[in-house]
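What follows is a single structure, written as structure tokens, with notes after it.
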Amino acid sequence: MRAPPGPSASAPAPELIEAGFALEVADAPLLHAGLNLADIAHVLDLRSRSVLPEDAVRRLLTLLLEAHATPADQFGYDPVHGDPYNCRERRFVERIGDDAGWLHAGRPRREAGRVALRLLLRTLVADLVAETAGFATAVAGRAGEHAETLMPDQTYLQQAQPSTFGHYLLAFAYPALRDGERLLRGLDWVNRSPGGAGCVNGSRLLHDRTRVADLLGFPDLIEHTRDAMWQTDGLIDLLASAVSLVGNESKLAEDLEIWDSQEFGFVDLAGPYTRASVLMPQKRNPYALAITRGATGVLIGRLSGFLAVVKSPSARSDNLIFAYGEVPRALELARKVTSLMAGVVATLEVHAERMREVLLAGFSQATDLAEYVMQTCEVDYRTAYLVVGRAAGDAGRHGLRGVDLTGELLDQAATALLGHPLGLAGRDLGEVLDPEAIVRTRLAPGGAAPAIVREMAAGCLRAAERLREEAERQRLAFRQAEDDLLTQAREVARG
Amino acid sequence: MRAPPGPSASAPAPELIEAGFALEVADAPLLHAGLNLADIAHVLDLRSRSVLPEDAVRRLLTLLLEAHATPADQFGYDPVHGDPYNCRERRFVERIGDDAGWLHAGRPRREAGRVALRLLLRTLVADLVAETAGFATAVAGRAGEHAETLMPDQTYLQQAQPSTFGHYLLAFAYPALRDGERLLRGLDWVNRSPGGAGCVNGSRLLHDRTRVADLLGFPDLIEHTRDAMWQTDGLIDLLASAVSLVGNESKLAEDLEIWDSQEFGFVDLAGPYTRASVLMPQKRNPYALAITRGATGVLIGRLSGFLAVVKSPSARSDNLIFAYGEVPRALELARKVTSLMAGVVATLEVHAERMREVLLAGFSQATDLAEYVMQTCEVDYRTAYLVVGRAAGDAGRHGLRGVDLTGELLDQAATALLGHPLGLAGRDLGEVLDPEAIVRTRLAPGGAAPAIVREMAAGCLRAAERLREEAERQRLAFRQAEDDLLTQAREVARG
Amino acid sequence: MRAPPGPSASAPAPELIEAGFALEVADAPLLHAGLNLADIAHVLDLRSRSVLPEDAVRRLLTLLLEAHATPADQFGYDPVHGDPYNCRERRFVERIGDDAGWLHAGRPRREAGRVALRLLLRTLVADLVAETAGFATAVAGRAGEHAETLMPDQTYLQQAQPSTFGHYLLAFAYPALRDGERLLRGLDWVNRSPGGAGCVNGSRLLHDRTRVADLLGFPDLIEHTRDAMWQTDGLIDLLASAVSLVGNESKLAEDLEIWDSQEFGFVDLAGPYTRASVLMPQKRNPYALAITRGATGVLIGRLSGFLAVVKSPSARSDNLIFAYGEVPRALELARKVTSLMAGVVATLEVHAERMREVLLAGFSQATDLAEYVMQTCEVDYRTAYLVVGRAAGDAGRHGLRGVDLTGELLDQAATALLGHPLGLAGRDLGEVLDPEAIVRTRLAPGGAAPAIVREMAAGCLRAAERLREEAERQRLAFRQAEDDLLTQAREVARG
Amino acid sequence: MRAPPGPSASAPAPELIEAGFALEVADAPLLHAGLNLADIAHVLDLRSRSVLPEDAVRRLLTLLLEAHATPADQFGYDPVHGDPYNCRERRFVERIGDDAGWLHAGRPRREAGRVALRLLLRTLVADLVAETAGFATAVAGRAGEHAETLMPDQTYLQQAQPSTFGHYLLAFAYPALRDGERLLRGLDWVNRSPGGAGCVNGSRLLHDRTRVADLLGFPDLIEHTRDAMWQTDGLIDLLASAVSLVGNESKLAEDLEIWDSQEFGFVDLAGPYTRASVLMPQKRNPYALAITRGATGVLIGRLSGFLAVVKSPSARSDNLIFAYGEVPRALELARKVTSLMAGVVATLEVHAERMREVLLAGFSQATDLAEYVMQTCEVDYRTAYLVVGRAAGDAGRHGLRGVDLTGELLDQAATALLGHPLGLAGRDLGEVLDPEAIVRTRLAPGGAAPAIVREMAAGCLRAAERLREEAERQRLAFRQAEDDLLTQAREVARG
């Protein structure tokens, strides 16, 4: 015979408290403020529909305002009493008895949680966007400074072509700006009201869902009520953008770790971003870079894990119970890392002399030289490539560098390969072998020529500023809405 | 002593062929068309800059047009000769000798690959958007049909409140539409030209990057050339949207699997979406649903894996080498599953009578009844909830159903709990206990009332149609651009 | 010009404190005990080599014993002072001045952390093994009870063949026992001493690495010192086994969630594992099952994330910095969930009557019937299958059940399909259609016949007991070793 | 009204063919041989129970032997006809009519698939173990060669202490050997017979499950039949071990990529493991390393994805449908990468002179110097550390190297820091500053002293040999068992 309907009379099992309620209560500090605001707005909404007596309204609001003034860690969240919502219910009944019971009219626990999560997330996302703008600003600023700092660009960590540190660095601004835009669009998903969804298909008590949305400063409703309660697509989108953002920063961190080695010597992290070994007196470890790389791995796991969590049938509570803690913490971690890497970049010591020295020691002019051969000797590129490749190899074996190549050496290589010279002996290859001159040829849009880099850097700075302003505008709006709600609650509470 | 610069003279190791080149060659069928188009556009671009002799142009274009007419599996891609680009180089030299060597002027292998990937992806993404629209259309269409099909909505798979199958089903249209929009934005990222980036910082040969973009039908450039070569953020974004999309479909599939059981009996999958057991004669297995759920798991792994791949320093070839196969295949899988679930929904048999029977057998009216008690007996919600909960439990123990509850039973429960009845005896609770009447009260935006559901369904159908049209418009533009390019190439080739 | 060697003089940047040190300090409560023990053992080891003066030894040990008696949250870990090791160093210098400086002789921060992690993990793993044994015990115990409780086994959630709840349930004991064995092997990896590795290639100060291993109760050394400092393979192995274990429990939880629905009605979770809705008076939600499923998703992400973290060059600090918190917390979560599911199973209400009712309402005898037809009518299995499938379909259309099938119905089907009957009319099919009789035929090893199930259950109980005993034996050994170390330290400290 | 029981009469939907059957048919080449062997063994098993007529036996075996001699791509697997099993059924009926129908007696499709997967995996795993042994052999062999090749060991890519390339390299052998052992244990899980499980709880037809196990060369049964059909824990374990193995190789690859740069110049990959740029004539890219790193990311995703796939209720077909392709392909990829890295290591050019030059240019002696100061000046380690750190910084600022430090410089630093010198002026620090002498002090087990490294290398070679032999022994046994089965089938078929 099946159990009759209705809640169980039994106390929760200790394992349930430990595995379930404790897990949810650990997230109470994240959700506390939002739960208070959600409850306040719900009471005001019920009041506007005359659902509950006016003195119950006043007592409830007074209680909730007091809760809002109480830090989460002093509020009495304790898994022994259930999840955070149960803890609140218990405390409210202790304080004002049956009047507390009106709070649950027309709204399940889950709706309060959903509202609280969105109130939290909208601020966290706006903060992350602002930090993203900060990172892009730092990167673009330094890129502009180093528009003429010559450096070998690398693929496979092999020297490829002469470029500049400015051009290199700026390549990290663009993805950050794109992820910043993605996060702003994610914020648009977050900043919508799930309120008034009832259990899942609406409530008979509250027909005007815009009211609670207005009270909480949500510019829009999530239309479909079941969708409002259970949607997770936007959380995936936010996490993916955050992982992408931090992944871009991690690539920079990994490059800098290599370049900060004694062997490369291209850069030094500023002291405040390093830490000392406690055993090895000579060491100064680029700790900030390790944190960035590791945090990226962690965030990859947070996204993977959340995707695994939501792989379930629909309307399963675990989807959101685990989102309450996992998603905000992941966004917070992304924000911290983004801020850290902004600092690293802003304060980085760049060793332009060492970069130039390394560049001159190599053969990264070879492509430009082959193009020169192709264009002036009437041979196809592949032939020119083979000639230059051979000449470079021969030169390297004799301890010569790229800048030391001569028409004679090229003609020797051509003769060996093609059976005849290309008439290069005696030519002045100074311009075509000079890394600085090479970089100046990169004049197409997006190229490494200093003027182009400076122009792009300026564009990125403007884009970052727009991003920052939008984040700031939204943060102000959130704060204003919440202040207005509290003010209104105080007025009603006073009667 | 270090090796001198220049390519190695040695043949590749067999393990390198097996682990590296074979892996890349397995993706050649995906990239073949795009590589041909990229090469054709590059030759036309070089020609416009007078980089190569006109007869070399004609021979190259003739060769490339022929390659484009050759299916990938007959082209001669073979890992023994290297990656697909090497195989092409080899074949081209075999055919036209040194003239083939002009093709590499001003452009590395990677740029050809990047262009080819984008040409492939833009079509795949547009296809996926179109299928997403198809899924949303199927869902919204069936939801409209079932706006009055009563059903218990569930959380934790426990009956929660009376709702309709239409309202339930429609909750899957909204996330699909949002992911469709995200994919469209992802398409905007894809459909930009990386062309003219040279190795990484531009080329001295090609100063007008818009030309190759125009030839390939890309409406925009990716500005920064290093970013153009190495960006992966948009690929993460596309994969995340695809996983989110399919995850939504998987939730529906998991629900339907449960509802298709003999015990639930809510729905039957249409025969073409099932398969028989070869051992058990009575069985008809909802195979389509298992495929959908499993594919979702696979896609979660494809995204996690790609994120792990791109966790590396910058400008590492593996990032894209592995993207070439992994990303298109993942998008293809998402498209197939989306199309499958559209078919499942469009043809689903819905057993309305069984749904109603189950609804009437339960107690899902309890919330509405408690709200009625609260509103008519001047008690707070929690008190009303306790009274109704107790009455339901008592009734259940005596084999009664929710619709059998009476004012007398409620008063008995109230007396037991509160010490006094609530004056409910004798009341006609018919309306408040009637699931159909309850559903009609869900009139707020997004609620389950039939008129509301029909209106939302119509809105979703319109949104799906807009999505489909935009996908179609873009697909046409891609095809047009590619046709135009081939036409132009043919003209030049003819001389 | 590069920075000179040596630690930076600058204070850490606030972002570094927030993103780096705070992250590490959050793990201090996990590592505190182990760090104290590691430090104590290191001092005793240094002492045995006469590296430091005897009074410094005594002062250090007194200080460390006091630290060990101080709870982590009162110890003064504060990210402003760096990571936990820095915080300790600072406190120790504050207390005993320069004598604290001896502690760092011959040992980097990382070695202390590695030791502390292993001391923590060995207990956590042993605890997890013990809980795994508890889960297997609960499952096998209930399986034995229900060796005769008839039930339809399902694939695709479609009724497949008659089976028993006992046979079904026991299928979860075996994977748990295997994962328990895997965890024990993982424990063997954990319980080895990394001590004495110096920076990474050994230390000139400490030539006998067995001494510190003995002091800490590690039965073996990790031989190669660089491996000792940086190995992560065993952590991957432990996480994978934990995910596998919890994934098995999650499958059971998902099944039970379905079976606990009103529509199935096979089981009821005991009250202490459910929670009530605060809106819906009739509901009792199987909360424990949602926690288990969600935790499984989280753990999948923890493993994925850790794998992404360790995808880096070798000897990168982030690998372990992030392991310190992620791995123990993941194992703790696995333990909690395992304990929870043991409780769920031990207290589950099983509705045998409902299971039998559902079984009798279906056609799960069809396979056995087809085998009977094959064996008695001289037709191949596929033919028999088609006949039975058709007869079942016809019967179903007329509202008949599997037990209602007759020889006549089968002959009608045969005639329709084959053109002739099979001579089945008039046969007594009672035995072949009786689910109980069918189950009794499953006598092969591992089958569902009650005697076989009882025997397997007994075997699983014995295996679980062995697992539990081994976990307990090891836990005792760990505690004994740590007590002995403290005793020895106290003696030396007293002088 | 629900659909009646029995298979659907409808043809599969095109989307189902594309998304479902095509996916399974793509794995047919992997499973073909195993399906043939499974079918042959099943027929022999049925025959031993006299289930089917002897001439049907002969016809079936003849047919199956012919199938086994037919390559998968010529067998006629085509998704239009369903999954591989359906395709086989169809072909068999085409060839021998109703006699083909006996094949399905007592065994579902799934059992055939499970057997085929294990037959495939046991060989793949043994192959992977053998390659793992090969990698460990290459690593240990080169480590022994370079036991005296001085090199700075690094953490955070900062020079840490003097060590040797041999000691460094050997740190990759140990994890590989451990993962090899894990794979062997995984092989033990694989190499068990699921045969005779019937649908899921046994079959009435086949009571002796050992017979089919013997025929297929499985030394053991999987006892519980439901477990036999659905267990996935061992697949997780195998994938995790493979990811761990390849992750270790990837760390080495990432290190080598850095060391192969012009700036480091520590090593050169042998030509056969590199590839040339087609644009840049001077470049030789360490392509093998990029493949290894990327494959590691892919494999992380394969494991994550498989874990997400199996997060489902129990007995869900997708769990294994997706395992059939994903798991073998992942193991194959791991094998290829392992073989590749064995080749890279075996042929690597090591630039000992450059390593020594870099070592001498730095300050990696600082720890040993501080220990010397501590031991000879009666100061604690932290004090000695501060003195040496300061002296190193001062020296660095004056362009001096670690080997240039003198007692005078140390005394100056001591005076500045402590107010008094330490009496170091005039001391001969040659021995303590000599990297070679330092390395000779690392005599503890696992340390970098050449004799110790050589001894460890020899031990690793022996362990790798044992691993290889065990893999080989098992491969031979598999081949023998399969040959025996075919021989027996041929004899019976001949009659």
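Each chain gets a letter, A, B, C and D, in the order it is written, and its residues are counted from 1.
The rule is short, and it goes like this: a residue touches a chain if its C-beta (ideal position, glycine included) is under 8 Å from a C-beta of that chain, and two chains touch if they have at least 3 such contacts.
These figures come from a predicted structure and were not determined experimentally.
A.B. asks: Could you name all chains that are in contact with subunit A and with subunit D at the same time?
C.D. replies: Both subunit A and subunit D are touched by B, C, going by the contact rule given at the top.
A.B. asks: Could you work out how many touching-chain steps separate subunit B from subunit D at minimum?
C.D. replies: Each step joins two touching chains, and the minimum needed here is 1.
A.B. asks: Comparing the two chain pairs, does A-C have more C-beta contacts than A-B, or is it the other way round?
C.D. replies: Top pair by contacting C-beta pairs is A-B.
A.B. asks: How many Å are there between the centre of subunit A and the centre of subunit C, using C-alpha atoms for each centre?
C.D. replies: About 32 Å, centre to centre.
A.B. asks: Return the distance between the CA-based centres of subunit A and subunit B, expressed in whole Å.
C.D. replies: For subunit A versus subunit B, the centre distance works out to 23 Å.
A.B. asks: Give me the residues of subunit D that touch two or more other chains.
C.D. replies: Each of 5-7, 89, 104, 106, 154-157, 160-161, 198-199, 258, 262, 265, 276-285, 287, 290, 293, 296-297, 300, 303-304, 307-308, 310-312, 316-317, 362-363, 366-367, 385, 389, 392 in subunit D touches at least two other chains.
A.B. asks: Which residues of subunit A touch subunit D in the complex?
C.D. replies: Within the complex, subunit A contacts subunit D at residues 154-161, 257-258, 260-265, 276-287, 289-290, 304, 307-308, 311, 358, 361-364, 366-367, 369-370, 385-386, 388-389, 392, 402.
A.B. asks: Would you mind writing out the residues of subunit B in touch with subunit D in their complex?
C.D. replies: Against subunit D, the touching part of subunit B is residues 1-3, 5-13, 15-16, 18-20, 23, 82-83, 85-86, 89, 104, 107-109, 198-199, 262, 265, 268, 270-285, 287-288, 290-312, 316-319, 321-322, 326, 333, 336-337, 339-340, 342-343, 347, 349, 351, 353-354.
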